[in-house]
Amino acid sequence: MNKIPVGVLGASGYAGRELCALLAQHPRFALAFATANEQRGQRVRFGRHQISFIASDDAALDEAAIVFCALPHGASLPWVDRARASGARVVDLSSDLRPGNGAAATRAAYVMPELGATVRESIRLADIVANPGCYPTSILLALAPLVAAGLVTPGAMIVANSASGVSGAGNSPKRELLFGEVTEDFRAYGVGNTHRHLKEITATMSALGVDDADIVFTPHLLPIARGILSTITVPVVAELTDATEPMRTMYAGEPFIEVVDEQPRLVDVARRNVVRMTATMILGTRTPTMLVTSAIDNLVKGAAGQALQNANLMCGLNEAEGLPA
Amino acid sequence: MNKIPVGVLGASGYAGRELCALLAQHPRFALAFATANEQRGQRVRFGRHQISFIASDDAALDEAAIVFCALPHGASLPWVDRARASGARVVDLSSDLRPGNGAAATRAAYVMPELGATVRESIRLADIVANPGCYPTSILLALAPLVAAGLVTPGAMIVANSASGVSGAGNSPKRELLFGEVTEDFRAYGVGNTHRHLKEITATMSALGVDDADIVFTPHLLPIARGILSTITVPVVAELTDATEPMRTMYAGEPFIEVVDEQPRLVDVARRNVVRMTATMILGTRTPTMLVTSAIDNLVKGAAGQALQNANLMCGLNEAEGLPA
Amino acid sequence: MNKIPVGVLGASGYAGRELCALLAQHPRFALAFATANEQRGQRVRFGRHQISFIASDDAALDEAAIVFCALPHGASLPWVDRARASGARVVDLSSDLRPGNGAAATRAAYVMPELGATVRESIRLADIVANPGCYPTSILLALAPLVAAGLVTPGAMIVANSASGVSGAGNSPKRELLFGEVTEDFRAYGVGNTHRHLKEITATMSALGVDDADIVFTPHLLPIARGILSTITVPVVAELTDATEPMRTMYAGEPFIEVVDEQPRLVDVARRNVVRMTATMILGTRTPTMLVTSAIDNLVKGAAGQALQNANLMCGLNEAEGLPA
Amino acid sequence: MNKIPVGVLGASGYAGRELCALLAQHPRFALAFATANEQRGQRVRFGRHQISFIASDDAALDEAAIVFCALPHGASLPWVDRARASGARVVDLSSDLRPGNGAAATRAAYVMPELGATVRESIRLADIVANPGCYPTSILLALAPLVAAGLVTPGAMIVANSASGVSGAGNSPKRELLFGEVTEDFRAYGVGNTHRHLKEITATMSALGVDDADIVFTPHLLPIARGILSTITVPVVAELTDATEPMRTMYAGEPFIEVVDEQPRLVDVARRNVVRMTATMILGTRTPTMLVTSAIDNLVKGAAGQALQNANLMCGLNEAEGLPA
């Protein structure tokens, strides 16, 4: 069976490397090129495979059926255009084409496949997919079942606290990301609803039919390499006997969603393309309120794995092909 | 100047050891005994001092002016009684005498000194002080200025997410606290308002005049040794230009409170008897909402340091005597 | 193609769990049972598979072609006998049948497959394989090429310093392995040639023809979950231009050996069944001396992966079948 | 009592910051200035003190009795000259004036005070002290008692393996020191006797009378913030009943040396100006061989603390003044 040629732009960042590692084991995709301007010429080993990084300008875009664009936020658009002009379809991992970016966002299909059949169809047909952000993936997939079940209290304040491993901040050298600055520490950042990902979250909630909620999103930096845990407090219209029931209903048969009874842990999802989640009714509040928690690997289901999942859909392959679950 | 003799019951746990280490450097207290039944006979070095653990039954309670009781939750009451019968005053670090424990709680003075002059006076005069819990210390000292300023929206839902280093769980051997189980992980626990500390928080908020709020408290386990960060979302009645102003007003001159502009980090408070905190207005919510964050060392300001601070007050010493700030 | 039924005794330890996880993805082996007396009845998920632990006494030993025995050191022998009596062949992961255990050791084939064709043949034919220890694997595979090339100075003192992640110490609850006791720490243990693994090392060196060397072996405990790095100083009879040449010669074509130019890192071998190694001539010593370093994942190439590699050989499968490289 | 004015050049690195923090608590020194060119103007808090970094060119060198020079290696010499020309005495923390640097090294007193009365006297009188490196401090103080006792076998190969926390590499942003690159990793570097510190070690051993030994020094990078453990194998001329006896004899009464029976741990020396060490005879070698291990905090006894210890001596103060032991 012939393999489908694909390319990676921006292969030296954490997401780009993860993507190359996953592609090295994918049974149907073959890596045609991987670019990294500053590290061009460098040979990198992924499992049993070795590749050499090339400059982006040297990439044979027209030889790839799918181009994964893992360039830094703000640098994607011209390369998406060049890839499209070369005839390739694109999965863009930056935030540049996601909801909240005005006109640019209208060019791309967006949203996690697990949000439903319509979404999956839009991804299958898309020439450009804006791969969802890591925080939005962890939060939206956990909230969607409550929305689908009509449980979210109108006008509610939804409080989403997330904590991410440092790979979410990339591997450009910055003092505040040195080991000595992160170990034994924990802190919030992007507080007060100033984080870039909030736009994706609110736009998607609105698309799902919830546009009157106040969403408060506070990310934190964890002293670990990878993983995001989101802890979400949601006022709901009814007290459920089994708070996980809406999740189990909506995600029955989904290969990459694990609804569990115990609290999800980051070690349970590391290096896997899954979201593990649960829900609990909160005791003692005067109106029913639910606590929803979800765990993902930010580099896999939050970036490279979901990008591959989307590419599988675009190419008519089994959605789970080559993905670690 | 004669030193005041004090004793420590339960000196082999993390809080007990921290207390012994602080006492070894205290200019006015002298450690008369330190008990640890399972490790009796063991010699332990604290800085330049060495002490030998003895059995609790062998402690000369009557020779101590202050007995610090750092026994496990549930084991304190009989020892508090024995110490009192011997004429010693007691600082109890367990939760057994804190608010929410019925009659037992009425026997002890409770609450952080920084909550005001009345509180300080009650500690000075108390024969028994129930030392506040680590999570309540981090949450209540951050919320109190908003309460004092009349800012908390009546009937509001206050969402407090806290994350603690593993020393908060003690040093009894448990599989889920092994290094291999905690490193590279993060998870919630005590979800749905089931954590023991919630009672202290709601009781104290009520004492401060807020008894109509819905408080949601969710603790998490961090892969670090020490520190608690609390991230608290609070609906407020007014949009402030400087959200930290109520904190600066209430805590002016307090030696152990640091109101800062940037986000507090755990490394900034490690091994220090301080609370570092800040506040921010949240953008884009329809009603004014504030994000309050606070950082403490759970073993110092959250346990042993605050116990010593209380003992300083009880003995008429400078409240900051011998405490690392 | 029919799958070969295999069983795991002692499946709840770190090595046992790793083995179950690898077996869940193995294309030719099927897990017939997994035992864990204390946790019997517990359901555990490995990737997409779920298994239920049973008591060892309930294991249908006669239904397994291969029984992996991952019981604690000292508990293996009776179960090896029971498995053999049931007709199963055995891969034993404990140290009980390894060299240095007197008569017991004569019953089992021992040694890493990469040590040569004779060894591989002995494993293929063996009814019982004593799977090598993690430290010996990392040290012996790094030294063997120097021995094979006749480079080790007669009567030399070989100094092997190794550092291991905590999973090497198992997951039984012990205070000294709590997260709070291991993080930010590093220390030697088993010093003065008192570690159990030394016997395997000296016996194998002797079998390789080096029985006049003084070997000094000092293990250390690293604050990480998995991985062993060994740093070995070896006096040699000649100054080599390329110190890695003996390794490249001996291991040409080996799927699980990676000879590299840069220093091997633990992150490069995590979750992979490989040994990564290099060698360097030491400057300025009066007689030629070589520094050899090797990295393995102690749970994979140091335990479960190598056990599977041996089982592949015993069953006439491709040696690399189902192993992450 | 008037305080003695001192200044710090290069105060924003890890050693410089540690020094400022220690000076903030020193009873006899007052910090006159702290320079950090890139971060000039920045206000930094050390305990209860706040200081503002200034540019080095703006430092009032002539107002300081002692100038601590914590500039990067290679940048010290001109500033040492400027400080001397201004009349200040200098403690230089770089390697530029240490043994092995030709003429420059002859200008400064070098070596740890604990090496003896002559050394202490040379420090007291010196205008310039070259503060010893972190690795040499941990290795030389552990070896010196064996040398003093005439125990080191003539012509022996001494193998020193050391492992350091990342703060030893400074806080300049480098990709290989990012949290995501260091966590869960361990590796050797500077292998084959290529590390800069080897010169200090061999020169000092020679000064102590051992100039025929082959010293092999291999540093490693630990995933922790601070601390160095050195594990040293030394052939000796006699089998000792108590291998620690030479240490206890040489260091009796030393405030900063802790000779212990158990293996030293890094957590036991963190934030303290001490070396903790032990020694053990190695079993089973044909000629007597000793294993010596030592632990220090690389930022305290390995840098800032020892610098302050030297400054105390230079100013005729109690050597232990203001130092955490």
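The letters A, B, C and D name the chains in turn, as written, and every chain counts its residues from 1.
Everything that follows uses one rule, which is that a residue touches a chain if its C-beta (ideal position, glycine included) is under 8 Å from a C-beta of that chain, and two chains touch if they have at least 3 such contacts.
Nothing here was measured: the structure is a model prediction, and the numbers come from that model.
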Chain at maximum distance from chain C, centres defined as averaged CA atoms: B
Pair sharing more residue contacts (C-beta pairs) when B-C is set against A-C: B-C
Distance between the centres, which are taken as Cα means, of chain D and chain C, whole angstrom: 38
Centroid distance [mean C-alpha coordinates] between chain C and chain B, Å: 46
Centre distance in Å when chain A and chain C are each reduced to the mean of their C-alpha atoms: 37
Junction residues of chain A - those touching two or more other chains: 165, 181, 183-184, 223-226
Touch list for chain B against partner chain C, complex: 14, 165-167, 171-175, 177-184, 223-226
Residues on chain C engaged by chain D in the complex (per definition of touch): 155, 157, 159, 161, 163, 165, 181, 183-189, 191-194, 198, 214, 216, 218, 220, 222-227, 229, 231, 233, 235, 263-267, 270, 280-287, 289, 291, 293, 295
Contact set on chain A toward chain C in their complex: 47-48, 183-184, 271-272, 324-325
